[in-house]
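Inspection log for the structure reproduced underneath, given as structure tokens.
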Amino acid sequence: MQLPLGIEVPIPTFEQFVFIQVALLTAVAGLAVVISRNLFHSALALTLTFFGVAGVYVFLEAEFLAVSQVLVYVGAIAMLIAFAIMLTRSMMYGRTSPLNNQWGKSSLFAFLFFIGLLAFARATPWPAAGEEVVADEALIGALGREFVTTYVIAFEVLGLLLLLALVGAVMLARDR
Amino acid sequence: MDTALLFDNAVVLLPELVLAVGVMVLMMVDIGRRGQNGSQLLAGLSVAILLLGIGASVMIWGRAPVEYLDGAISDGFALSVRLVILIAGVLGVLLSRNWFPAIERQGGAFYSLHLLAVIGMMLMGTATNLIVLFIALEIFSLALYILSGFYRENARSIEAAMKYFLLGAFASTFFVYGCALLYGAGGSSKFTQIHETLATGGGNPSLVLPGIALLLVGFGFKVSLVPFHMWTPDVYQGAPTPVTAFMSVGTKAAAFAGFFRLMMTALPSFHDQWAMPLAILAVLTMTVGNLTALRQSSVKRMLAYSGIAHAGNILIALVAGTAAASSAAAFYLFAYAFMNIGAFTVTIALERQYGNENDVEQSRLAGAAERFPVLAAAMAIFMLSLSGIPPLAGFFGKFLVFKAAVEAGWAWLVVIGVLNSAVSAYYYLRIVVAMYFQQPEQAGDEKEQPFVPASRSSVFVVVVSVLAVVVIGLQPGLWADLLRGLGQ
Amino acid sequence: MVPLSWYLMLAAFLFSCGLYGALARRNAIAMLMGIELMLNAANINLVAFWRHGVGPMEDLTGQAFAVLIIGLAAAEAAVGLALIIAVYRERRTIDVDELDLLSG
């Protein structure tokens, strides 16, 4: 398939075709998060983005991650954000613009950043996909074993981080 | 992997383990305590835990460096940085002890967050793995966000905490994106493995430079290098001063330690590419930090910009990129810990004298030497040391870093560093001059204020810091031998 | 099979969206949402690199890192929102432009 400017686009396979749809959904939802004027719509779009990213993980054959993504991001983080929006309700419908006076510079910066990341993503000759992934249960088991052997430091330290977040959030939320 | 390996070399993380257990004990004691007086007990307990941590580090001092599970290493650099952070932690707890009312009610939360921050900072210096490095960074960052908002009586404090959080979390995402790219480049999260893969022509070397650039943004925010320094004065001013004192030293030591190890063990083969951008950042950081510090009227903001300038000095050591430079940086941080915390302690004492809640204006320092001779003398020593006047500790820190940089062929950078030291001397000495040679403008009402005695623990901190600054300055060789660099 | 560069482009797009949101929005919660997008983008990168075999396939570093980042993001969001709500109780606004006690 030939696009203008001489960009050659191969005809997608069925898997690629489905991926394009998931990716487009994720990308559009992601964009909606940051451009929506209503904060609550942003939060809903964010939830949709989280689902889309979980779908991307399914394409990457990382099912455990996809499930964690839905559980933690959609189940916990999106909920927390929704509650926070409701608790600070007066901000829900901005009286003024939701953007600060640097939005022009910011959008330019973000765009340039995107072009930069895109350039090297396209320029590099990437390796083709690795060999077949082992059966799912074995993979999840292996991941679990890795957490208590190779990555035990990171795993334990993450426990400390969660403890910290618990102590800190309770301390901050308590009325003074 | 055999589970027996879990216990081999676990001694590498002994100080962290001691502190982690200590945090649990502290929280148990906090549950059990009754009434208001328990917070003194908690402070004592925290100091004891940190001293145990120092003991544990001393215990594993001088052993041959070993690595634990490809995630943590116990070389001289890790131990030196750990010592700096533990000392900053002890001094920070001592300063906080009587500082705010909130600590009476929420001492348990405060001290456990303080200790957790220390654990995260220590891990930064030890980590040899991107995953551990990132989680360590997040631990101390999250703890510090909350600690900066602890002064609930002052609306500035919580506001500073939120701004610090938003910027810090923003910077962390750059950091983690950089980690992802480095993983893509080297096919591993282990520093040595990344180096091996890339040095043998494997991996995707084109990802390295974008990865470094993104990591640099994350680190730049943490140590407040110049384009990423905007949060520093606001947070330093808004946060409770004892937390600022601890944070200014601890964050710098931790983030520089992590940055040093990452750049010098994972990416030494790219030194030619990253040294020059870092050198430019160092010049910018020193110059902008010093020039802006000249214009500050608040002592805390002045110290914040001076901290930025010092970050530029330490960055020179990283640009040099040798093992000698890393031990020079460890020495610099060790000296900086005492002189900077000392300066903040005097600021705290002066805050109490002037009844000003969380800051002191420089104009009020006029004639301070007459009213508070001891405080003024201590402040003068810290200011002279910070500006790098021999024979105090700060001079030898700068000297070692500059020497290592010249040896590595960065003479022009050192020239700029020396020029900047000269500029910095102006605003440090201005404080000394104000305290000793200027008369207070409206002497009347100030003289009538009664003298507020400083708390015993802050007197202790000042004494320790003055002694340390002088002793390190008189015996620099001894300490330079003790504080080692990477892989030593 | 979906090529690696497609994943990287999606991640780059999400990251840039988040970047714009974090820089341009006035509301602290909206900024936090931008930050969450950026973290997700990094995670897509990690898992994509793993699946496309930058290391040996049985080395699960990319996945392990991503799982830990998900856990960490939850902790970060909890602390961040607690801070934001604490500010709101104090100042009755979380508009970053209106929180200006600190500019000096």
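Here are a few things to note about the model shown:
Every chain is named by a letter (A, B and C) in the order it is written, and numbering of its residues begins at 1.
Following the convention adopted for this analysis, contacts are C-beta pairs under 8 Å (C-beta built on N, C-alpha and C of every residue); 3 or more make two chains touch, one makes a residue touch a chain.
Just so it is clear, the structure is predicted and the values come from calculations on it, not from any experiment.
When C-beta pairs in contact are tallied for each pair of chains, A-C comes out on top. For subunit C, the chain whose average C-alpha position is most distant is B.
If you average the Cα atoms of subunit B and of subunit C, the two centres end up 26 Å apart.
Taking the mean of the C-alpha atoms as each chain's centre, subunit A and subunit C sit 7 Å apart. Computed centre separation for the pair subunit A/subunit B is 32 angstrom, with centres defined by C-alpha atoms. Subunit C has residues 15, 18, 32, 43, 54, 64, 68, 72, 75-76, 79, 83-84, 86, 94, 96 in contact with two or more other chains. Looking at subunit A, residues 117, 124, 126, 150-151, 154, 158, 161, 164-165, 168, 172 sit in touch with two or more other chains. Among the residues of subunit B, those in touch with two or more other chains are 131, 135, 138, 142, 145-146, 149, 204. Those residues of subunit B whose C-beta lies close enough to touch subunit A in the complex are 1, 3, 5-6, 13, 20, 23, 27, 68-72, 102, 106, 109, 112-113, 116, 119-120, 123, 129, 131-132, 135-136, 138-139, 142-143, 145-146, 149, 152, 204, 206-207, 210. Partner subunit C is touched in their complex by these residues of subunit B: 130-131, 134-135, 138, 142, 145-146, 149, 155-156, 158-163, 165-166, 169-170, 172-174, 176-177, 179-181, 183-189, 203-204, 233-234, 237-238, 298, 301.
Looking at the complex, you find that subunit C touches subunit A at residues 1-21, 23-27, 29-30, 32-34, 36-37, 40, 43-44, 47-48, 50-54, 57-58, 60, 63-64, 66-68, 70-79, 81-86, 88-89, 92-97.
Across the complex, subunit C meets subunit B through its residues 15, 18, 22, 28, 31-32, 35, 38-39, 41-43, 45-46, 49, 54-56, 59, 61-62, 64-65, 68-69, 72, 75-76, 79-80, 83-84, 86-87, 90-91, 94, 96, 99, 101-104.
Interface residues of subunit A facing subunit B in the complex, by the touch rule stated above, are 116-117, 120, 123-124, 126, 145, 148-154, 157-158, 160-161, 163-165, 167-168, 170-172, 176.
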